[in-house]
Amino acid sequence: MANISFFGLGKMGAPMARNLVKAGHQLTVFDPFPKALQAFKQKEVDIADSPIAAIENAEFVISMLPNGAHVVALYAGDDKQEGITPHLQENTLIIDCSTVDVGSVKTVFNFARDRNIAMLDAPVSGGVAAAQGGSLTFMCGASETNFARAKSVLSDMGKNVLRAGNTGAGQIAKMCNNMLLAIHMAGTAEALKLGVNNGLDANVLSQIMLQSSGCNWSLEKYNPAPGVMENAPAACDYQPGFTVELMLKDLGLAMENSIQSKSAIPMGALVRNLYSCHGLQKSDNNQLDFSSIWQMY
Amino acid sequence: MANISFFGLGKMGAPMARNLVKAGHQLTVFDPFPKALQAFKQKEVDIADSPIAAIENAEFVISMLPNGAHVVALYAGDDKQEGITPHLQENTLIIDCSTVDVGSVKTVFNFARDRNIAMLDAPVSGGVAAAQGGSLTFMCGASETNFARAKSVLSDMGKNVLRAGNTGAGQIAKMCNNMLLAIHMAGTAEALKLGVNNGLDANVLSQIMLQSSGCNWSLEKYNPAPGVMENAPAACDYQPGFTVELMLKDLGLAMENSIQSKSAIPMGALVRNLYSCHGLQKSDNNQLDFSSIWQMY
Amino acid sequence: MANISFFGLGKMGAPMARNLVKAGHQLTVFDPFPKALQAFKQKEVDIADSPIAAIENAEFVISMLPNGAHVVALYAGDDKQEGITPHLQENTLIIDCSTVDVGSVKTVFNFARDRNIAMLDAPVSGGVAAAQGGSLTFMCGASETNFARAKSVLSDMGKNVLRAGNTGAGQIAKMCNNMLLAIHMAGTAEALKLGVNNGLDANVLSQIMLQSSGCNWSLEKYNPAPGVMENAPAACDYQPGFTVELMLKDLGLAMENSIQSKSAIPMGALVRNLYSCHGLQKSDNNQLDFSSIWQMY
Amino acid sequence: MANISFFGLGKMGAPMARNLVKAGHQLTVFDPFPKALQAFKQKEVDIADSPIAAIENAEFVISMLPNGAHVVALYAGDDKQEGITPHLQENTLIIDCSTVDVGSVKTVFNFARDRNIAMLDAPVSGGVAAAQGGSLTFMCGASETNFARAKSVLSDMGKNVLRAGNTGAGQIAKMCNNMLLAIHMAGTAEALKLGVNNGLDANVLSQIMLQSSGCNWSLEKYNPAPGVMENAPAACDYQPGFTVELMLKDLGLAMENSIQSKSAIPMGALVRNLYSCHGLQKSDNNQLDFSSIWQMY
């Protein structure tokens, strides 16, 4: 069992950290929101009152933060705070599980490397339910050695710990995956609605497509048509799940990356803009689950 | 076992008919191309020399034809040939497995109903490999009674025989399914290429997405990136499989239907036009497998 | 001056017919809606009580009807009415100004030709304002001879009478023109809104683009941003003008044609689906002017 | 007449500078490429051997550079060179005519303001021909005062000098304009090809749409169909003109901006990706004129 310093106790981070505790690790946690810290309190866990206080004795630092600027600030500092990296003991491994742009990953990686600290990106797939159930997929950008070391703790939070390549590759894999997810979610909504407009029952059509070549994760796990799946967000007015706003963030990363990498992403760019239009119709839509794209059709 | 009259011995029809023979049915077959008839010859099968000669004693008529005009001509006639329906004995069930527009289905259905003959649409999903292996999915538009009767023979050609609804519903289900297939195929190609352009290995990225929310049939059964899957069309210069031309036909049906049914299909319309552009780049592309959309990226 | 039989006294047809009267022609008019006929009444005009009564002595028959089925029914008949063509005197020229599919044009053309009657398609561009002002553009599909004859009367309703080619070419030209119009209208709305979202004034940005390479008819005559143009539909809650519903009809013709002619129309197909989504957001939107696509952004 | 320091003697910058000389201004020029400097040599012009040498006595500094990084490096410096701004005399006005992202404009603006130097963005529309003919459109982001001062010299290089708003607004206006340009160029190609595929003559259809609501700058000044316009790039194998590569750059700026400004740009994003696909088909395509998008259809 390891000494782990954990940063970011939001909707994803809190259940992830709890699974580490459950597995027997010794955690020290920090979050800038006192409320999040308070809510997390439990016997075996140390609550730190500053980032630097949180890392004493840490063998692993794990972070789950909202965006690249937060990640860079935590590890390398910004004009408001000092970065924690120079205070880490040798051999500490930084594992950032946030979903951010590759540029931010490289900034932290280089900053850490210059101080002899190893760092890897390990964004996740699966959402809140998988974070709670310990069944997340981790997509890692790391050397073989660092990947092996990280896997020993990531396995306690997820059922698939995969190496996508070197530094930044985890973010790329996640970006590609989520773009594809958005595409088949919109496609699934579109196909189901086309069927319904022609008199078919959404449930019957879903069953047929699940056994045919139209089968995909959105149809199988997250059907966007109300009334088909009991536990899907579509069954409860599209309460998330994974919000439109977060999907827009991921699709924005893909669009920006496509410009830098000179990639053509016509389907990805269209679905991004359908989500934009959806969000613009009513600002509340941004807080709905991303399967609410159904409402555009 | 039944007396079955089978029309259309092309790439799909021939192996379907062979599976019926193998199951013990008595077949009489017809195809306007003498070469197709010749190629099909086998001991237990009667080769007819005209459509009307083919239907004597038929309990079931099954057809697998290229488009709606052929289907209407066979059953209801056109200015070149007489339709076979008026010559069918009472109680014969017409099962049309072709992929056609709903209008053609309804024309034949009404023509047959007026002559007390039942007809159902039962287009398939799965392609040549599934036709050969007897593992097709049939999507049927029929009353419960006719569906039950048809299922008894369709089961000998496929592993899933599903009822989508009443007359025409099979075509609608297939159209929706194939539009969704095209969308996630293009999306899969796009996501994999975006990863490759960022230094990821297509195989590694595929493995990751298969275990994540990007998972879909194209990625699992039909990976469009060369070098990932041994038996996929991508491994042999995109030899089909299911051609771009046939996918364009199905997407054309979806676009036409979307106008009549006042449905929005932005993703489906875009992927249709990406396939059009692909086919226009080089006319040979129309005969490649539809996973060759990879070459657009 | 000529004896003209005029069919269809709707928003477009009524002012067109009035301009013919003003130019000195002798008109006999018919419309299936008694209200439309009543509203049109004026001293010099004969009101007919049936289509066939309307064509006695006609040198020209001009029609302005909602769709292809109406046009075919009027000239060639359907199961509810007899067509007028067999009752026309030799030398009558049929000029159909409706916007319809090419198939309908060819049906009427062939039906008329078999009875020695000439027919041409002459759909218009310009909308209600141009119909009233006599400044329509006519796009004609006709032989040189028939075009010359038609021009003599069309000139009294429009300022541009152009020959696009032979039978059906007028409809093709209109379809292409209106698809392009929809594309630059949506593009103009999108560009203006992008500027506004970045703090620019829609009016200032419009003035700049009018003098730059972004210049187009939508920007110049029909600015979609409220507050820029006094007389545009945007100034009065998008009262039409040219409705979303009519634009959807024209874009539907383009989509159907693109399938038959194996053309790629990615921009046209997208804008069609943006209009579909717009119409689906609120059914009232279908009756707004097509510049209301602004509301999607 | 003024002392002007001019940076960037490329395809656009060189003819712009010549027009300033012709108008009687005293120019000192610099370009990092000795060849460009050599090619520019003419009696009345001083050639500087370093950026700082070029700005002695300058009342105006005008720059026309390839991207934001170059602009920031010139004025504010980077790790390879010192910025020139601290060496400018008070009252010098910086006019940057490059097309860059708003972030770069603001970086230079703030850097200059902190040193009491005024700066404005003034990107251009019109291309090489307009640069040579002195008929460019300048889109300026500046205070009223600085705009008035800049106009006195910009007028010697263009016929329209327009104020879009404050700092950065010139870039926004240009970005919006060029996105709209790309949209109607692709739309024009698509509409013309749809007509041609239906048997119409591209020239006839162009004449008709020029007099109808499809009219736009691409159709009027830059027809993409070969054989319609003698002096357009389409007449000479799409020799630019304005390259696909430059259009991709501008559309990339629009896509990035749309993410930051939370704007929906479905048409702009699609046309960007059509240009990407076009460039990916054959790498030479990137150096063709942007009207070569015709080849996609």
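Letters A, B, C and D mark the chains as written, and numbering starts fresh at 1 in each.
The working rule: contacts are C-beta pairs under 8 Å (C-beta built on N, C-alpha and C of every residue); 3 or more make two chains touch, one makes a residue touch a chain.
These numbers were taken from a predicted model, which means no experiment stands behind them.
Chain pairs A-C and A-B differ in how many C-beta pairs they share in contact, with the greater number at A-B. Note on C-D: its contact pairs, compared by residue number with those of B-C, A-B or B-D, agree for more than half at A-B.
Computed from the mean C-alpha positions, the centre of chain A lies at a distance of 39 Å from the centre of chain B. One inter-chain figure worth recording: chain A and chain C are separated by 52 Å, centre to centre, where each centre is the mean of the chain's CA atoms. Counting partner chains per residue, chain B has residues 258, 262-266, 270, 274, 277, 280, 296-297 touching two or more of them. Against chain A, in their complex, chain B makes its touches with residues 102, 125-126, 137, 139, 160, 162-166, 168-169, 172-173, 175-181, 183-184, 186-188, 190-195, 197-201, 204-205, 207-209, 211-219, 221-222, 254, 257-258, 261-268, 270-271, 274, 296-297. If you check the complex, the residues on chain D that touch chain B are 266, 270, 274, 277, 280-281, 296-297. Residues 252, 255-256, 258-259, 262-266, 269-270, 272-274, 276-277, 279-280 of chain D are the ones that touch chain A when the two sit in their complex.
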